[in-house]
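Next come two complexes built around chain A: one with chain B, the other with chain C.
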Partner chain A sequence: MTDNATRAGLPTTRRFLPRPETWLGHISEHRHWAYFLIVPSILFIFVIILYPTANGIVLSFREMRLTRPDLGTDFVGLRQYADMLSDPVFWVALYNTVKWATAAVLLEFILGFAAALTLNRDLPGMKVIAVLILLPWFLPNVVAGNIWALMLDPRLGVLNDIFVRLGFLSEGMAWLADPDTALWTAVVIEAWHGYPFFALLFLAALKGIPKDHYKAAAVDGAGAIQSFWHITLPAMKMVIAAAVILRVIGLVNSPELLLILTGGGPGNTTQVLSLYAFQTAYLRFDFGYAGALSVVMFIILMAFCILYLRFLRIRD
Partner chain B sequence: MASLKRSNRMKTVGAYAVAFFFLFFGLAPIVWLIITSLKPEHEIVNRTLTYYPHDPILTNYVDIWNQSSFPTLMMNSFITTTMTVVICVVIGTLAAYSFSQYRFPGKHALLIFYLVVRMFPAVLMIIPLFLILRAFGLLDSHLGLALAYTSFLMPLFIWMMKGFFDTVPVELEKAARIDGCTRVGALVRVIMPLVRNGLAATAIFVAIAAWNEYMFALMLTTSSGSRTWPVGLQLMIGEFQLPWGLLAAGGIISIIPVIILFALVQQTMVRGLTAGAVKG
Partner chain C sequence: MKALSLTNIRKRFGPLEVLKGIDLSLDDGGFLVLLGPSGCGKSTLLSIIAGLEELTDGEVKIGDRVANDLHPKDRNIAMVFQSYALYPSMSVRRNLAFGLHMRRVDQATQAEAVERVADLLGIAHLLERRPAQLSGGQRQRVAMGRALVRDPELFLFDEPLSNLDAKLRVQMRSEIKKLHNRLKTTIVYVTHDQVEAMTLATSIAVMRDGEIQQNAAPSEIYDRPANLFVAGFVGSPQMNFLDGRIVAAGNGASLELGRDGGPENAAIPLPPEALAGIEASDGRPVVAGIRPEALYRQEGGAGGPGFDTKVDLVEITGADTIVSFTIAGQEATARLSADFKPSLGDDLTLAFDPGRLHLFDRETSNRLN
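Right after this comes the complex of A and B.
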């Protein structure tokens, strides 16, 4: 507890205890001041996050379709979950979620690491480049998605034009409308949008490794690959773990980019769980089923995080 | 020795090659958006693609601004973003300060909790939020959307701001109190000026996120009275088959504030975002 005695430290300072002139100043001298400061945020989190989330979980056990008020809003037990098991779209979306998150994290990780290693070189101009490459990360999904939709347009897209000129394609392709390429195209776009996050964190972590460690390793005769393996990677273990887990959470939870690029199509080939849950709520107004879908998504995500951290032997 | 020098030079050239690849990869799509926004319609739908605007025009910008609801959409986004930032700054700064400077039972657990709440699926919250906001008459309102944004931006704000408060020595408050300040006085007069840049960077980070958000806005706004620009722009593309030139111009207009704000505080923002990474 941070009462006056421990905060102020010495008994002599008691003589100089401030005389508050305002009510706020008065409150701030209370011994529970540290708690007063966090109470508003806790209230907020409860009202705006915990209550809705708990409510959402409860909803998943009820019938609630805004378009069918005649069905009522009774509890239906596990019916939504049972429906899910026999819903082919759910299984497709689950499979796609795994593909989407794995491929995007891998690609962003590789790009981010390569960028960080390069930009960590002590060369003129690298600092400016390190800031400029962050730009895509700050762009809204609506703009990021539509830039690429524009560049990949089968008739007017500049990328198709380049591929045709280079002889890779005989004519422009509808990358996002072709079931074979839609998901992987979306992964590349997501990587463009998201990899600067990895680059940013990895670059900061690299800069945090003391240069002496590398010098000592060089004296001991370690090559570039050895010092990367024995110094760089161990030093970055925590950052890598944290970055990957944050990114996986983001990729699994947010359907924004796919919502803008494909809306789950063509033929559900880019349908992921978060998008399916959102569309179930937004287009079909079936709140009960959408709730059940997101609960399952949350459980899978939690399970992944716990297994992942255990695998890396990281506590907390 | 000469070969060592040459191998060093090769490495330097290689490093620049990779760096420029990333620069090109990152910025070329944005440059292409600018080029498209400057082309007249006939040049965009032309059979042979032009790689630069042969007669650059600004009509796309004029048209999207004057002939669509774009200014209203931007205004709505501006109001919602401002509300979000104000709520985060007022409530979040207090919490971040407490977490950073004081020790109290349950602090660690609470901080972890603030991290874990970010894992909750947005979709799971969005449905009850829809029902709650509707019950309070806040559906399709600036405040309702701002409150929804606060749900995922407040924890982020607190964590980032705590990092900036951590750079202030704990003894400073003690010293200010000896000089007769109350704790609030010390916070406002002594400590806040020291973390001014950090506060600006954190607030701007939250502002950019709120400005860019799409899914909550799509679900929680239903009319042009509170609809934000990302939703409005996407609807224009879907409903009115918005021409590419206008879309590009709209995209550029709406990312200009983001780029300016980021440019203003980029160094501090990078420091705040990576504070955890450096400590390990």
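Right after this comes the complex of A and C.
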């Protein structure tokens, strides 16, 4: 058959081995092509997220202290979790985490909403101001933390100097070293750093509300406050929900700012779970207990998200 | 009492003057259509009446109250938007009741008003749905219902039908007409669609570049357009405009068609009634306007003034046959009866009723006769 075909001058091989571009063309028409395309991302997610997460969970059921190799690395069941229940620092950190995240999100939310509403007005110069307002968000946590630590320094800090000159204080105050003010000072700094996130998302959402809705509401008899309540807020519900969730997760999971500002002190008054887990792992080298702390944080965040969405009645 | 009076309304956006002194008034129960091409200022004018846009100068009077400084909510108006502007987070019922709710009308009255309007517009089965779950036509009805539910002094419609498909638009148009006949509401309606304007209005204000070109009853706009712009904007196919001159001939006059210095001029003798009001000064340059539907085929010698030509193009619409031809070097169209099916190049003799000839000044473009 092949011989006959060759003799007849027919291009037989081509029929069975198409050129590469044709072959690729065939595959890309295939309905499983989409799966091939997401394989690289899946691999990445597996290597840098799923595997470490799973490993962390497994770690929380094992003994793993780098300073006590004599204890081995055996499975210890729920012992780390049992230890946690009787660990006073854990409870302080948990309480502080709730205070820290709630206060910071609340403050950032209010500042961000006010900024977005202001920026949404058609006034000259608003575009420039919009960029300026975003600047704090561009600063890495570490840089923002160090700038503020310096500004609040009891002897060198410019803010203390201003407060003294204005007569609010008689002498420079160690805001971050005083157990009464440390956490709230950190919250204010965090709010300054984080509110542009809300401002940006809320501004985008505000821009998406058709002007006609406000006009219709005005004709229907709604004043400014009623328009805000009946038009603006419902239109922003989804964005508000998403922004708050993202920000709470960010705040609960990131220890950097507190690590730089206070290191959890004075006397654990600014100790939060993420910082405690970090210090347990990298100062005390107790990876098993740090793993257990992380798992608890993970569960708390999951529970928060579910309850919060239930509360807002958002299902989709 | 006038339901609405506008006096010398001016609106400037920076250096740009979009409304240049508008004077309009509307009787109780009237249906005023603001008609014009996009950018003529008609929607701005409607927004000024609604109080959604500040005016630069002039006076808005709704009923017997000067409304210049009143908030939209205090003007006792209702408005239907082109986008419908239904509140997406509320059910149809709440959308309809919103205006009453804002005015602190008690629940029972609210419910009663909503039911009445829902029945009137045939949307009673949609009351629990959200706007996103409605079709375009249903949204349009809800938008109208939201306006009707409050029983205001003045209804404002901003191109309410332009987002609907052609069939639905015709249907809603006649429903609006029926509603107006039934409820005797006072309406100001903005559109760029001349058919909507002609069919709905008791009075049309044709606007261009922030000025009113003509404000009159639909028949007057169609039969006696005040200038070339109005003549060209209203009517489809568009009115034929032919350059020419009025030339005295014997004890009458004739219309000599053709551009100045053109080679192929055609003289059409005109009876005196076609020239009523024109000084037959010899050789006055004019634009002659003849609607395509004013032309008819002349068979035999009898009939109005006419001319010979040839068929350039035939378009059969089913209801009529639109024939394009050339006269004195200028293109024109005639709307002829559907049973007439000529071939290209056929000889054609057309005539018109001299009473339906419009003469415009070539300089000012204003109507002469």
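Here is the rule we use: the second predicted complex is superposed on the first by the 284 of 316 C-alpha atoms of A that agree within 3 Å, B and C clash if a C-alpha of one lies under 4 Å from a C-alpha of the other, contacts with A are read in each partner's own complex, and residues count from 1 in each chain.
What we mean here is this: a residue touches a chain if its C-beta (ideal position, glycine included) is under 8 Å from a C-beta of that chain, and two chains touch if they have at least 3 such contacts.
Remember, predicted model here, so these are calculated numbers, not experimental data.
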- Fit or clash for chain B plus chain C once both are placed on chain A? fit
- Looking at the overlay, what does A:167 touch: chain B (first), chain C (second), both, or neither? neither
- Across chain A, the partner (chain B or chain C) reaching more residues is B
- Counting only touches as set out at the top, which of chain B and chain C does A:88 meet: first, second, both, neither? neither
- Counting only touches as set out at the top, which of chain B and chain C does A:215 meet: first, second, both, neither? second
- Just chain B (first), just chain C (second), both, or neither: which does A:33 touch? first
- Query: Which partner does A:226 contact after superposing on A: first (chain B), second (chain C), both, neither?
  - Reply: second
- Message: For A:44 in the superposed arrangement: first (chain B), second (chain C), both or neither?
- Response: first
- Does the superposition put A:205 against chain B (first), chain C (second), both, or neither? first
- If you've got the overlay open, could you tell me the nearest Cα approach between chain B and chain C in whole angstrom? 5
- Task: Find the residues of chain A that appear in the contact set with chain B and again in the contact set with chain C.
- Result: 235
- Within their complex, chain A touches chain B through residues 1-2, 7-9, 13, 16-20, 22, 24-29, 33-35, 37-38, 40-42, 44-45, 48-53, 55-57, 59, 111, 114-115, 118-119, 121, 123, 125-126, 129, 131-136, 138-143, 146-148, 150-151, 153, 156, 158, 161, 192, 196, 199-205, 207-208, 235, 238-239, 242-243, 249, 252-256, 259-260, 274, 277-278, 281-282, 287, 290-291, 293-295, 297-298, 301-302, 305, 316
- Would you pull the chain C residues touching chain A in the complex into a rising list? 47, 50-52, 71-73, 77-79, 81-83, 85-90, 98-99, 102-103, 146
- Item | chain A contact footprint on chain B (complex, rising order) | 12, 15-16, 18-20, 22-23, 25-27, 29-30, 32-33, 36, 44-45, 49, 51, 87, 90-92, 94-95, 97-99, 102-105, 110, 112, 114, 117-132, 147-148, 150-151, 154-155, 158, 173-174, 177-185, 187, 208, 211-215, 218-219, 230, 233-234, 237, 244, 247-248, 251, 254-255, 258-259, 262, 266, 270, 273-274, 276-280
- Where on chain A does chain C make contact in their complex? 210, 212-213, 215-223, 226, 230-231, 234-235, 237
